[in-house]
Amino acid sequence: MNNDKENDSIKKFKKEREKLNDIVMRYGKINTKRFFNLDSNVYKKGALSSKTKELIGLVASLVLRCDDCILYHIIRCFEEGLSDEELEEALSIGLVVGGSITIPHVRRAYKHWEELKNKRSNQ
Amino acid sequence: MNNDKENDSIKKFKKEREKLNDIVMRYGKINTKRFFNLDSNVYKKGALSSKTKELIGLVASLVLRCDDCILYHIIRCFEEGLSDEELEEALSIGLVVGGSITIPHVRRAYKHWEELKNKRSNQ
Amino acid sequence: MNNDKENDSIKKFKKEREKLNDIVMRYGKINTKRFFNLDSNVYKKGALSSKTKELIGLVASLVLRCDDCILYHIIRCFEEGLSDEELEEALSIGLVVGGSITIPHVRRAYKHWEELKNKRSNQ
Amino acid sequence: MNNDKENDSIKKFKKEREKLNDIVMRYGKINTKRFFNLDSNVYKKGALSSKTKELIGLVASLVLRCDDCILYHIIRCFEEGLSDEELEEALSIGLVVGGSITIPHVRRAYKHWEELKNKRSNQ
Amino acid sequence: MNNDKENDSIKKFKKEREKLNDIVMRYGKINTKRFFNLDSNVYKKGALSSKTKELIGLVASLVLRCDDCILYHIIRCFEEGLSDEELEEALSIGLVVGGSITIPHVRRAYKHWEELKNKRSNQ
Amino acid sequence: MNNDKENDSIKKFKKEREKLNDIVMRYGKINTKRFFNLDSNVYKKGALSSKTKELIGLVASLVLRCDDCILYHIIRCFEEGLSDEELEEALSIGLVVGGSITIPHVRRAYKHWEELKNKRSNQ
């Protein structure tokens, strides 16, 4: 079945990310560590909801064209219960702001979104 | 009084923008016109509110470091009733995603925000 | 023989692109679809030839450093009958405008160009 | 009359550019000088015409969003006899590739184009 | 005399920067403040000298093409006693890495360097 | 043992790079060749040491987010005897200047650094 492989691609990403973060934390000193803390703090619920913040992070990552960052925020948006319609509207803003150069990333964003949905519906 | 000048900087931006858009529309053919239409359509209320869409547009403009685009979305966010706290949280995401290279733009974003607030409180 | 594998790398790219475009079109609404239309319309022959437009698209993709976009335009330039000399002159503009950071993409652009030429000469 | 001022904006750009190039050449050693030579050599007529090369340089500058570079290539394209239609088609490729973030630069590109045309028709 | 005006351009930059930082600090909450702290901490002398760190900051700012950031680091490099030769070598790396799109910024970097030198020799 | 595989990832990168450079040199004419020469000349020892120049090249590559360029300079920094502390300080500048969007590249930079160290300690 196809879903096991798809399931794996998300799992593999998370595992690799964790493994590499361990290396960073081994070398990183106070400034690196503070930056990583800051990077998780800015997405915490405040005046804006976590969902809105993750959407902002997603589109910022899209226009800057960073696949790892996009996938990370796609997973987080999924966890925050984003709907297909909300995703599409956010990605279409990114597409228009960032131009056709973002298309390959938009493609992969939807592919990962579909993987996440398939994974859930197979549980 | 200081506010007249500040008031002017927003007015001047809008006027210049309109004047230049006229030139673009004079030269622009179907593809250029369709792009401009698309550029206003993606921010229209849908599954996501206008406010959320403008916030996304603002942070996308910040990480891509385009002052004109930032000012445009700052004005729109102000019109959509964004609070100081919401602005700060959105800009801090942009700051962390885009790095210190965005700081000059963050500075000008807050300056324009203050101008918009002063302008309103002087009406 | 080497060419079968090379042949495959172009074929694989086209197939993957098509598969992902299907996913985009399934999720994409009117704005996404209009953007994709616009993206193919701007390269259509007009006052400028298709070849010139593809060359412009190629170098724009190179300086923005998007491998998928570069490969797409390399294939299109090949179909439009671009010569080796024309390719080299266009890529050297991209190299000088975009700097050494584009070198890894220039390398892969020539590799794909060679694959396309080998593929043809083996038919 | 309006044209004198417009005329000046192009003249002023050229003069400032020359003045600053003098400073660069005073400090610049062999590598800097070679880079500047390379930067003018890649636009020289070869397998591709000067006009095509300037168009490529223009759109590359547009998607990288460098106003000075855009103005330089707009002037060169004008000197090479580019038509309004050719300009519009090239800029619309840049607009679609680079996204709405390029719009402020597209606006200024057309403004300068108009200045160049007014300047000529007033001679 | 010319130097008073040049002197002013550096002074004016510093004053505007300070004024805008005040606005940022008025709106900025904990994450913004921590980012600003981090931004000054990473340039502090450690295993690498302040001069080397400022050089790194300068070239990073050059390839990302942020004039305010370049000017800030040019001033800091000047304060750290950087020589003309060291500056030229660092900027030529930035020029080659970032390409001709950085040239307008390289021009302004040398102009500001000259202003700083003139300012000192007139004290 | 793990190191053989790691050893391979560096070896493989160097081999692929060489192979592709051969293709570039086969197609490249005078301007392309001059650019490649310039690209190696700017890192040669002068008023600044090779180590400082490689560090500058590394951080410039990091903020521009080019994995191949980062790996190349990581290898060169390793050859120039950079210490862990110096690396960490340089990368933390890149992280702060370029923002969280550079994190995936920072992760891979440390991973490659570790591979280089393991490789040496296993010789």
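For this structure, a couple of remarks:
Note that the chains are named A, B, C, D, E and F in the order they appear, and that numbering of residues resets to 1 at the start of each chain.
Operating definition for what follows: a residue touches a chain if its C-beta (ideal position, glycine included) is under 8 Å from a C-beta of that chain, and two chains touch if they have at least 3 such contacts.
This one's a predicted model, so the numbers in the text were calculated from it and none came from an experiment.
Shared contact partners of subunit B and subunit E are A, C, D, F. Least-squares overlay of CA atoms from subunit D onto subunit F yields a rotation of 180° to the nearest 5. Interface repeat of A-E: among D-F, B-F or B-E, the matching pair is D-F, sharing over half of the residue-numbered contact pairs. When chain centres are defined as mean Cα coordinates, F lies farthest from subunit B. Should one ask which of D-E and C-D has more C-beta pairs in contact, the pair is C-D. Chain centres here are Cα means. That of subunit B falls 27 Å from that of subunit D.
Spacing of subunit E relative to subunit F, judged by their CA centroids, is 25 angstrom. With centres taken as mean Cα positions, subunit C sits 34 Å from subunit B. Multi-chain contact residues of subunit C (touching two or more other chains) are listed as 31, 35, 38-39, 42, 60-61, 63-64, 69, 85, 88-89, 92, 95-98, 100-101.
For subunit B in complex with subunit E, the residues that touch the partner chain are 65, 84-85, 87-89, 91-92, 95-96, 100-101, 103-104, 106-108, 110-111, 113-114.
Those residues of subunit B lying in contact with subunit C across their complex are 30-31, 34-35, 38, 41-42. Every residue of subunit E that touches subunit F in the complex is listed here, in rising order: 38-39, 42-43, 46-48, 52-53, 55-57, 59-64, 69, 83, 85-86, 88-90, 92-98.
By the touch rule above, subunit F contacts subunit B in their complex via residues 63, 95-102. Contacts from subunit A toward subunit F in the complex involve residues 17, 20-21, 23-24, 26-29, 31-32, 35-36, 39, 60-61, 64, 66, 68-69.
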